[in-house]
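Working notes, structure below.
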Amino acid sequence: MSAHAISPSIGTQLHGRYRAVRAATERLTEHLSEADCVVQSMTDASPVKWHLAHTTWFFETFILEKAVPDYQPVNPAFRFLFNSYYNGIGDKHPRPERGLITRPDLAQVRSYRAQIDERIGQAWLHGHLSSPQLLSLLEIGLNHEQQHQELILTDFKHLLSKNPLQPTYRAHWPLVPVAQRREQWLHYDGGLVQIGHRGDDFAFDNESPAHRVFLEPFELAAYPATNGEYLAFIDDGGYQRPELWLSLGWDAVHARAWRAPLYWSQQDGQWRVFTLHGPMPLDPSAPVCHLSYFEADAFARWSNAVLPTEAQWEHAAQRALASAAHGNFADNNLLHPVAAQHERPLNAPAQLFGDVWEWTRSSYDAYPGFTPAPGLVGEYNGKFMAGQYVLRGGSCATPAGHVRASYRNFFPPDARWQFSGVRLTR
Amino acid sequence: MSAHAISPSIGTQLHGRYRAVRAATERLTEHLSEADCVVQSMTDASPVKWHLAHTTWFFETFILEKAVPDYQPVNPAFRFLFNSYYNGIGDKHPRPERGLITRPDLAQVRSYRAQIDERIGQAWLHGHLSSPQLLSLLEIGLNHEQQHQELILTDFKHLLSKNPLQPTYRAHWPLVPVAQRREQWLHYDGGLVQIGHRGDDFAFDNESPAHRVFLEPFELAAYPATNGEYLAFIDDGGYQRPELWLSLGWDAVHARAWRAPLYWSQQDGQWRVFTLHGPMPLDPSAPVCHLSYFEADAFARWSNAVLPTEAQWEHAAQRALASAAHGNFADNNLLHPVAAQHERPLNAPAQLFGDVWEWTRSSYDAYPGFTPAPGLVGEYNGKFMAGQYVLRGGSCATPAGHVRASYRNFFPPDARWQFSGVRLTR
Amino acid sequence: MSAHAISPSIGTQLHGRYRAVRAATERLTEHLSEADCVVQSMTDASPVKWHLAHTTWFFETFILEKAVPDYQPVNPAFRFLFNSYYNGIGDKHPRPERGLITRPDLAQVRSYRAQIDERIGQAWLHGHLSSPQLLSLLEIGLNHEQQHQELILTDFKHLLSKNPLQPTYRAHWPLVPVAQRREQWLHYDGGLVQIGHRGDDFAFDNESPAHRVFLEPFELAAYPATNGEYLAFIDDGGYQRPELWLSLGWDAVHARAWRAPLYWSQQDGQWRVFTLHGPMPLDPSAPVCHLSYFEADAFARWSNAVLPTEAQWEHAAQRALASAAHGNFADNNLLHPVAAQHERPLNAPAQLFGDVWEWTRSSYDAYPGFTPAPGLVGEYNGKFMAGQYVLRGGSCATPAGHVRASYRNFFPPDARWQFSGVRLTR
Amino acid sequence: MSAHAISPSIGTQLHGRYRAVRAATERLTEHLSEADCVVQSMTDASPVKWHLAHTTWFFETFILEKAVPDYQPVNPAFRFLFNSYYNGIGDKHPRPERGLITRPDLAQVRSYRAQIDERIGQAWLHGHLSSPQLLSLLEIGLNHEQQHQELILTDFKHLLSKNPLQPTYRAHWPLVPVAQRREQWLHYDGGLVQIGHRGDDFAFDNESPAHRVFLEPFELAAYPATNGEYLAFIDDGGYQRPELWLSLGWDAVHARAWRAPLYWSQQDGQWRVFTLHGPMPLDPSAPVCHLSYFEADAFARWSNAVLPTEAQWEHAAQRALASAAHGNFADNNLLHPVAAQHERPLNAPAQLFGDVWEWTRSSYDAYPGFTPAPGLVGEYNGKFMAGQYVLRGGSCATPAGHVRASYRNFFPPDARWQFSGVRLTR
């Protein structure tokens, strides 16, 4: 969270945004069953019910407990049960056991959400939320909830994919294939550029401070790489040639028997992908996704290219005057990356935002002069700055309005269950 | 399954029993939520929903598919999804992933149960179930379902125990403490005795053939060991003294940090046990349970005694003219072992049946001349004859009428989630 | 060790035997290098140097420390370093780290052996070893050292097998192939028989007490199964057919990718076996060895037979008036099982002793009335009575004179690095 | 390897250097026993014998095979046996099994070294080594062997530390304690600086290309952190306070029960460290070493400081006109970090080179425009660019003359067995 002043009118806007974000979470999950919401399919993922409760716990623990005099918790056990990783808050329920909590049931968790929403409304009315610090925390809470909206989709997709019946999250599939695009590269002069968050808008602490970085001249691909291009890598023996891989990547290929991106399968010689709409034929023009960093890196090496640094990516986004407002985000309801049609050469990169998160070659690290947000919420970002890589731009599962040019997402290099793709540079 | 003739009237009785056993399963689970039924708490355990479906799958696969001409399965995917371990049936869904199946949902599984019950009824009406072989398989299916009734209780107890809120299966707790019993031993002359199943009643294949075994004279404890006696073992440093333990047991004590039986915990110096009715104070007079074989064996060594062989146990049960009909079984609805009141010395062992399964020192192995049941159902018992120990007598979670003197239950020596206790011999 | 009186003249004989057994250990290892002796190839195995030191430690710890007034240890650190598993002696060096001890070096360990031999000789001279209890312990020590002589060979064979250069322990290979034998079965009436150790000779505590067992009539194979017979099992898809395997065995086949016995490999369509003389072509007439219990059991099932119980095996050995004195033992220096030539039908089983240890279907358990040897040496056998199966008869790596009809060896069912084979019964 | 021209006179110098480097390896190991040289103490480490053979294999495989017409290998099996990780060369012996190779014995490996030295000499005489490409590879080979000289020391130290007898590599201990130094910080203006290798000297490929980096102003500690300073971190609960640790670091603290740097132990309240000279009392003035990245990072956070980036470190080294020629390197024979005496404030950082490798906060990644060395040797560095952090400056176990200001060493963040320490920045 960067320190920025919040005016009273922003406070009112914030309450409106609070209701909107909370309602969006409900819409994402209202058609899921009790069973759909309780199960945890792997340690990396969490149950939908846990996401519903944990985002609520965030508002109760970091805001209501501080803001409201003599605050009585909705249920004291929830403080322990729905803490994710904040050691400063006290003990927490072990992450791999989140799926064992059949009680409280889904109705109780929905009721917990409603009660906290009610209490936030009351706190607003009684002027308990007027301090800049609390408004700031509220803004973090909303951005936090948006992050979990995306995780609800990706975690639930993983759960469905483990069911041999291959069920769907939503049955319709409105996607249309588009014409294959020609490769195109855009040139950048580089030089001493500035990256990181500036201005008064909300941003997470890890986007600050803005600072100068020197870039050599470079070229960036106009589009994210497509399924068709990635298929050529596979067909050229990409998964069998050690010289294309980082050493740890080659280990992962063997240990996990990777032969294609996550959710791809071959049936009678045809590639199919598992989507939130169920299994679909592979669209060669759509951006490839569900790649690990290792696969993105090997594909880049095979392409005689490299992954962009996060500074290159952000510089290109600034130059494009790109706004996160446009792009294939979760609000589109496609929930899968698609290729937009383009008839002539581009003079700015397409699809920088939305569709797929783009792996950069930058390890997730602190910016020079970084200081974590003050207070308990300071555990939010900084302590994860080891062993992960930065991704940029948001995906088809990201809420619209959530990301920006300076936004830094991060995952370990072997993670594949996010909508993660690749854009080349050279 | 031992080969025994089944008369027409027995056929009718069987159908009545079919309805009764199936209904008992419903009664056990009807108050559980969708979430309660879908989660798997460890690889050894299965979700309640899976138990409901798998027992039904057994009747469909082993009986209806064979009995009914041109049989169309309720859902072809279930053949794969609800197969437990029968390699002869084809591929099966991996055991550790049973908890990931949120769909079909609970209503669909209950409907699967109803449809199969209806089809079994129709098959009966049309005379498709009259062959002795099919009636035999049906009888196996009912006994199989009773075994899963017990597992529903023990697996669900394990799931609840992993919830920090310590919820209950049923809230009431009608148990009353009883007076401490004095130790008493009963003498047996031994000699050449016969064990194993005889007669026309149903028995599993592993109880046959009946055969002779030579027993030296021995003494058997009149009661299963109590919590109070086991507490004395703990207080005497039982879990800290390697000389009391088998080598593998001592490894387990360290690797899993065992300090007491499963579900025991200490709070402010008082021992409490987690039960299907929630957490309760420890009753020193009740039979100790949730012991591993290793703990039972160490307790016996500490007591200057040993565990009985299964032949000793069965001989004592024959001599007592003991019937499984009486005892604290699941139908009592206590769902926890209790001590019956006795005022004077016994001349036959008490509580041989019900309350707790009693570990014997006999490895689970084939009787001399053993042949598995014919056909695919032959995978039922024989292939598990390695690495497990025999338990005898049934527990408070076993359906009444399910066990008998020759009945052989079996679990690995480190299993603790069954209602498993110990009776000493010397 | 069974309690038996030891006369003074037996004392003198014992000292002679002491020198002979200790010298035999030296002969086995004198041509090995410092490197050969220090490395540990897996947790189950130990370095040769450790075997040399540990057997010496046994005499120092259990005999000299007790027998000699004011005894000063050769090196106080050895008490910890060379303790195998005796918790009663105190802390011990972790088993998986036995191969990390490059110092003391081999010369120091040989010197340790010489010093203890010298001290034992002095203790004899000064009459410190005259008590029956100490003589008994000495006898255990000698039998213990013989067991380690066998382990030196099997552990070292395993180490050599992990070297891609396939080196040899001894280069010569005097073995001659023999004619294939016809299958032959010998009949036994069974009845009430007695097994276990009787008489005044030395035996381990686990062979006692002698006791009666009832046996149904049975037939025993005249020969251990051969490589040729086992090859027919492999060629018939033995390792691909789940119905032939115990459930745990089938898991092991998959987890460890077993396709043949340990040390078999296929080159240009020909089977070869790695022996202590290096790699050799497979001899179809020689007894099959390096089988796990699971493989022996599956082979028996495929042969429509079973493994003998240990009581059946011992009864057959008694009836044959078989003595362990004859057989292909380590003193033959062949160090590999071979088939003896027989021209006509046998009236007693051949090769009961020597060549290969024969898996029985008996779990390793205490005999009725078993009590461990008194004192610290009581940890010798009893605490391993879980999770293992009994093998009988000794092997080509067992010192002559070490085994007898009542001798019980034991290993876990997945162990394959001993010379373990199979003889069928039905 | 950076591309640089090599003149004939440099060729002659190179041969002299070849003999010197090879002889240095012999001197390091000549007093070790066959057992000392064969054992592998963990997967990360290799046996001394393997280091001796592998460095020789490098010259044979990458130089002699290419340079000498009709080259016949000394032993064809060595190509497989002593390949470390070059997939381009073909199959390789598994790393965790390097310690199982008791044959060839140490004498054979020493003879292999001598034969390759002889063949290199002959190749020189016959003019087979005159091409710039081969001379370049030879130079890589020498730098490669120096890297293994350091690993011989650190791997062997780890092996000795696992021996409860705590033996020594060399017994003497000439180190003298020095006065405690006062904390001092040196200021740098930063700006657009150039890092990476320039000039004609040898450097590894990962040091190129030289490129510009923008640095904000910063301060660097005049000394590496000392044992005394680290002790204050420990005494202040450093290992018990999650807020000081990266999330993965906190996991490692728990999983491995870290309470102090590697090789520290507490006896009667006094800290001792295990060194190559055996166990020694902790010297509070000497640089702390055997830290993981996680420990270095937590210590920095506790100190209200951070680790330097590798660009900051290299810039400071350039500014100090620092040469690697001076410092406590392996040729000093101290083989442990020591603190040099300083009487007044410094105007340049002390001990940048030698004593301890200094963790930087820079992930090990490719410089912009990086291209791996051509040919098979291209696997040398690039493929390890994931999951590791850069260390700078060399240690007391590094050969003098091996490192330089642009030299990049790299290890995973949990590695502790190198002489790795920490210098703070802020």
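Think of it as A, B, C and D in the order they're written, each chain with its own count starting at 1.
Just so we're on the same page, a contact is a pair of C-beta atoms (placed from the backbone, for glycine too) under 8 Å apart; a residue touches a chain by one contact, two chains touch by 3 or more.
For clarity, every value in this text was computed on a predicted model and none was experimentally measured.
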| item | value |
| --- | --- |
| Shortest contact path, subunit A to subunit C, counted in steps | 2 |
| Cα-centroid distance, subunit B relative to subunit C, in whole angstrom | 38 |
| Centre-to-centre distance between subunit D and subunit B (centres being mean Cα positions), rounded to whole Å | 60 |
| Averaged-CA centre spacing for the pair subunit D and subunit C, given as whole angstrom | 47 |
| Multi-chain contact sites of subunit C, meaning residues that touch two or more partners | none |
| Touch-based graph of the chains, sorted into line, ring, star, complete or other | ring |
| Of all residues in subunit B, those that touch subunit C in their complex | 85, 87-88, 192, 211-214, 216, 242-243, 245-250, 293-294, 297, 306, 309, 361-363, 365-366, 368-369, 379, 383-387, 413 |
| Residue ranges of subunit D in contact with subunit C within the complex | 33-39, 41, 49, 77, 80-81, 93, 97, 99-106, 159, 162-165, 167 |
